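Paired with chain B in one complex and with chain C in the other, chain A is shared by the two complexes that follow.
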Partner chain A sequence: MEAIRFDNVTFRYNQTGDLRPPEEVLTDFGPSDYAVRGISFSIQKGEFVAILGHNGSGKSTVAKLMNGLLFPEKGTITVFGMSTRELEKLFEIRKRVGIVFQNPDNQMIATIVEDDIAFGPENIGIEPDEISRRVDWALRCVGMEGYRMASSFRLSGGQKQRIAIAGVLAIQPQVLVLDESTAMLDPLGRKEVLDVVKSLNKQQGMTVVLITHFMEEASLADRIIVLNDGEKVLEGTPRQVFSRYDYLKSIGLSVPFAAKVARILKDKGVPIEADVLTTEELFERICQLL
Partner chain B sequence: MLRDVAFGQYYPVDSYVHRLDPRVKLILVVLFIAAIFLSSSWAALGACALLLLFGVAFSRVAVSKVLKSIKPILFLIIFSAVLNLLFYREGTPVLSFWIIQITDRAIRFTVLMAVRLSMLIMGSSLLTLTTTPVALTDGIESLLKPLKAVRFPVHELALIMSIALRFIPTLMEETDRIINAQKARGADFESGNIVARAKALLPILIPLLISAFRRANELSDAMDSRCYTGSKGRTKMKKLKVTYRDHIALFVSLNIMAFIIIDKVMALFPAI
Partner chain C sequence: MSIIVKHLSFVYNPNTPFAKKALNDINLVIEDGDFFGIIGHTGSGKSTLVQHFNALIKPSRGNVRVDGMDPAEKGADLRELRSNVGMVFQYPEYQLFAETVFDDVAFGFRNYYKRSKKELKRDPDRFKAETEERVREAITMVGLDYEKIKDKSPFDLSGGQKRRVAIAGVIVMRPKILVLDEPTAGLDPRGKAEILRLLHELKKNYCPTIVMISHNMNEIASNCNKIAVISEGKIICVRSPQELFSDDELIREKGIEVPEAVRLFKLLRQKGISFDRLPFNAEEAAGLLFERLKEEGKYA
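Take a look at the complex of A and B:
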């Protein structure tokens, strides 16, 4: 089943306050004014998709288009068969697509963890007892059972971000979008959050869209979509995408450490396949050579 | 340090006082403050102290936590005590040297004021120690509900208060960070006259304001993403409910307050 579909989506931030229809304004602008240009892709239910791109390549804009925080200027976005343009469907769309943003401090509404997680379910009119059960469940999903009554400002960055994820999970969305949700965390906090995301995808079949500029994170996905200056430039499995070392480099991205080492070895004439993703894999391949 | 003061200092244990309805706690605190200022006899003040003692005992909050709440206003208490002591002139002098004269009534008044102020702070911090910010704002929302009839945005006000409480520690941390960053750039906040010092605050206030707007922007995206559409169709995880606990607390408190009022009336009309 198709969860999210982008059809030739174009978007630009309205910096001019121009009220004319987009067709007319189009002529006044160069292509570089667009944050998102003619992007099409489809994400299936249960998939784990990573979106990669350098700063300002349009990743956050794509995320905000997914649940109708922004609307496309041209093209359509379909979420479980509903267009984000239909305002009366927006509530249903947001129930299905939850976004976790970059800074956990700016996503929490309440001081006490349980009150914050309850915010989403309260908004969609869930019964009080069920909300309480959902808070427990969401805390268990992110491995923070003991923190129900904790004050959010006493938590570490990784813990805060896990609470932010729990706050979105409590709405029980079908799709979890993480917009650089690990960018502000240290390696340990990053691992905590990624482990939670992986297990949600594997154990509960949650559709995950992971937006990141860490290559190691992207290599966890089933599929990677690479953006450059608002356009989709590559799409494929991590192996396919990271084998394009030179191209990625030309658009300001790198590849996972292991792939880089393999590539350097290959350039030096070592007979090794360069499509490795993890250091363990690299280690094995090198061992096979010896 | 400063961020532990007054707000967000919720003390997470389960107790009789924690379980009281926030509306009842709010009303009791207001009545308690009124009672403190009605009490002018030692007996009445003792009754107030007894009420406070009950509150602390049944809240399972560490006594040191409650006592510590006085710390931020300790200076104020001492300062006003010194002034009272020196300038309260009625009564018979018990101590006099140089131009200073301290009367018996001055001592009595000073102690009375200091005790009142301390109890006032301890009583109201017992409220924030035993009530989460959301419960507190829910309570206020519910108490102000009659104002909805005149289109007063009660729900919005409660949400704003709750978000403000949530962001106080965040913005304090941010202020510290900006001050340090500006100091590292050679900013000087300590010298100069008042005007110069006020001007020196500008490089702190402007980044703080910009960052607050940025945060507000991101917060609104996060709230939209979590399906917030206003108070319509919204439920609450914790339904406010007045139970037997609240009845008992109200009964005990009102009795003690009745005693204070009778005591006051008798003091005003000794003939009765």
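Take a look at the complex of A and C:
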């Protein structure tokens, strides 16, 4: 079953910050350059897809288009068969697609952590008992059980980010979109959150869209979509995508550590294949050489 | 210019139900010329610690001396201190606010010199010229084209460019110590590499001492000469990268993540393939492996 589909989607921001389509806004400013140009892709239910791209390549814009926070200028976006243009379907769409945004400070709503996490489920009409259970569960998922009654504004950067993730988990969306949601976490925290995400994906069949600047994280996905200047330029399995080292480098990206080491050795004439993704795989190959 | 921290403790919201001890008896010396790294889990107290370095917050106990001066003392010249210790916060681009890049970068400098009003009244042209010179210098230092970018709105820039503008707004004061809280978080791989290259250049030509908080172990190990590990408000140790990442017991005990290159070389060591030093990134790892292959007369 198809969860999300982009058909030839094009989008421009209006320089006024207005969210209406550019053709409806007549101002001195006019629309800005295209943030997204002619993008098409399809994400199946239960898939784990990563999106890579340089700063400003259009990743967050794609995320916001996915649940109707922005509307395409051209092309269509369908979420479980519903077009984001049908306004009466927006509520259903947003219930299904939960997005954790980049900056957690913009997402804190209530002053107490518990209320902050309960806000989403309340909004979609979940019963109080069930909300309480979900808040417990979401806090456990992100390792913040001890902070239920804490004040949201008195947390460190990484703690706020965990709460933001819990807030979206509590909605139990069918599609979870993480827009660089682990950028402020320490390495162990990032691993924990990714483990939670992976298990939600594998055990509960939650569809995951992971936007990240960490190549190692992207290599966990089933599939990677690469954006450059608003266009989709590559799509494939991590192994396929990360075999394009030179191209990725030319568009500001990189490859996982293991692939990079193998590639440098290969360039020096060492007979080693560069299509490795994990450090363990690289280790095996080096053992064969030494 | 050095920073000496003695018996520093800090409590948020003291004497309230929200009281929270964030720092607990911290002792630390950052010397002139250090590229000093600070690592530690989320909520361990890193940001709280560095905010003491330019007196944004004051110790509950103990003291901090910057170049011999204690900013918590009565009569301390905080303006002078803040121009000497430049602070780049987490995601500094969220604090950009002015209409043009020029005004954003000039803000700190203008503010600092407004105090000397007498001089200003006497010679506003010179003040203007000086502001322009300093802003041009700062924008050029961070690797941006002054003429091209000065009149743009900061909001029209890419993530990496915004980050550079925010750093320019700090170095416009010509600080002697630059403190950065996760300066590469959220940047794409090229942007990360560029900012790190920039920091080394700044260090060589401008501010000899750099303090960097980061969760990225590759980055910390590859760039810093000393690393402080903080855990639950306490300093666990201050070590060179080689010492820190060779200490398997400490790493296990404190749950410190190691750079991917170190992880690879530890796997190799378990197989009996050992090296006399650790690499911290892909280039170093490949270099060491290639040497070894050559020594053993294999494939080269």
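Everything that follows uses one rule, which is that the second predicted complex is superposed on the first by the 264 of 290 C-alpha atoms of A that agree within 3 Å, B and C clash if a C-alpha of one lies under 4 Å from a C-alpha of the other, contacts with A are read in each partner's own complex, and residues count from 1 in each chain.
Going forward, a contact is a pair of C-beta atoms (placed from the backbone, for glycine too) under 8 Å apart; a residue touches a chain by one contact, two chains touch by 3 or more.
Computed from a predicted structure; not experimentally measured.
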item: Contacts of A:167 with chain B and chain C, given as first, second, both or neither; value: first
item: Touching partner for A:187 - first (chain B), second (chain C), both, neither; value: second
item: First (chain B), second (chain C), both or neither touched by A:99; value: first
item: First (chain B), second (chain C), both or neither touched by A:203; value: neither
item: Which of chain B and chain C A:288 touches, first, second, both or neither; value: neither
item: Partner chain in contact with A:157 - chain B first, chain C second, else both or neither; value: second
item: First (chain B), second (chain C), both or neither touched by A:64; value: first
item: Partner chain(s) touched by A:127 [first = chain B, second = chain C, both, neither]; value: first
item: Residues of chain A that lie at the interface with chain B and also at the interface with chain C; value: 103, 105, 151
item: Residues of chain C touching chain A in the complex; value: 12-13, 18, 20, 40-43, 47, 90-91, 94, 158-160, 182, 185-192, 215, 217-218, 255, 257, 260-261, 263-264, 267-268, 271, 273, 281-283, 285-286, 289-290, 292-293, 296, 298-300
item: Chain A to chain B touching residues, read off their complex; value: 64, 67, 69, 91, 94-95, 98-99, 101, 103, 105-112, 114-115, 118-128, 131-132, 135, 149-153, 167-168, 171
item: Residue numbers on chain B that touch chain A, as the complex places them; value: 3, 8, 10, 12, 132-134, 162-163, 165-166, 169-170, 215, 218-219, 221-229, 233-239
item: For the chain A and chain C complex, residues of the former touching the latter; value: 53-56, 102-103, 105, 151, 154-159, 162, 180, 183-190, 213, 215-216, 249, 252-254, 257-258, 260-261, 264-265, 268-271, 279-280, 282-283, 286-287, 289-290
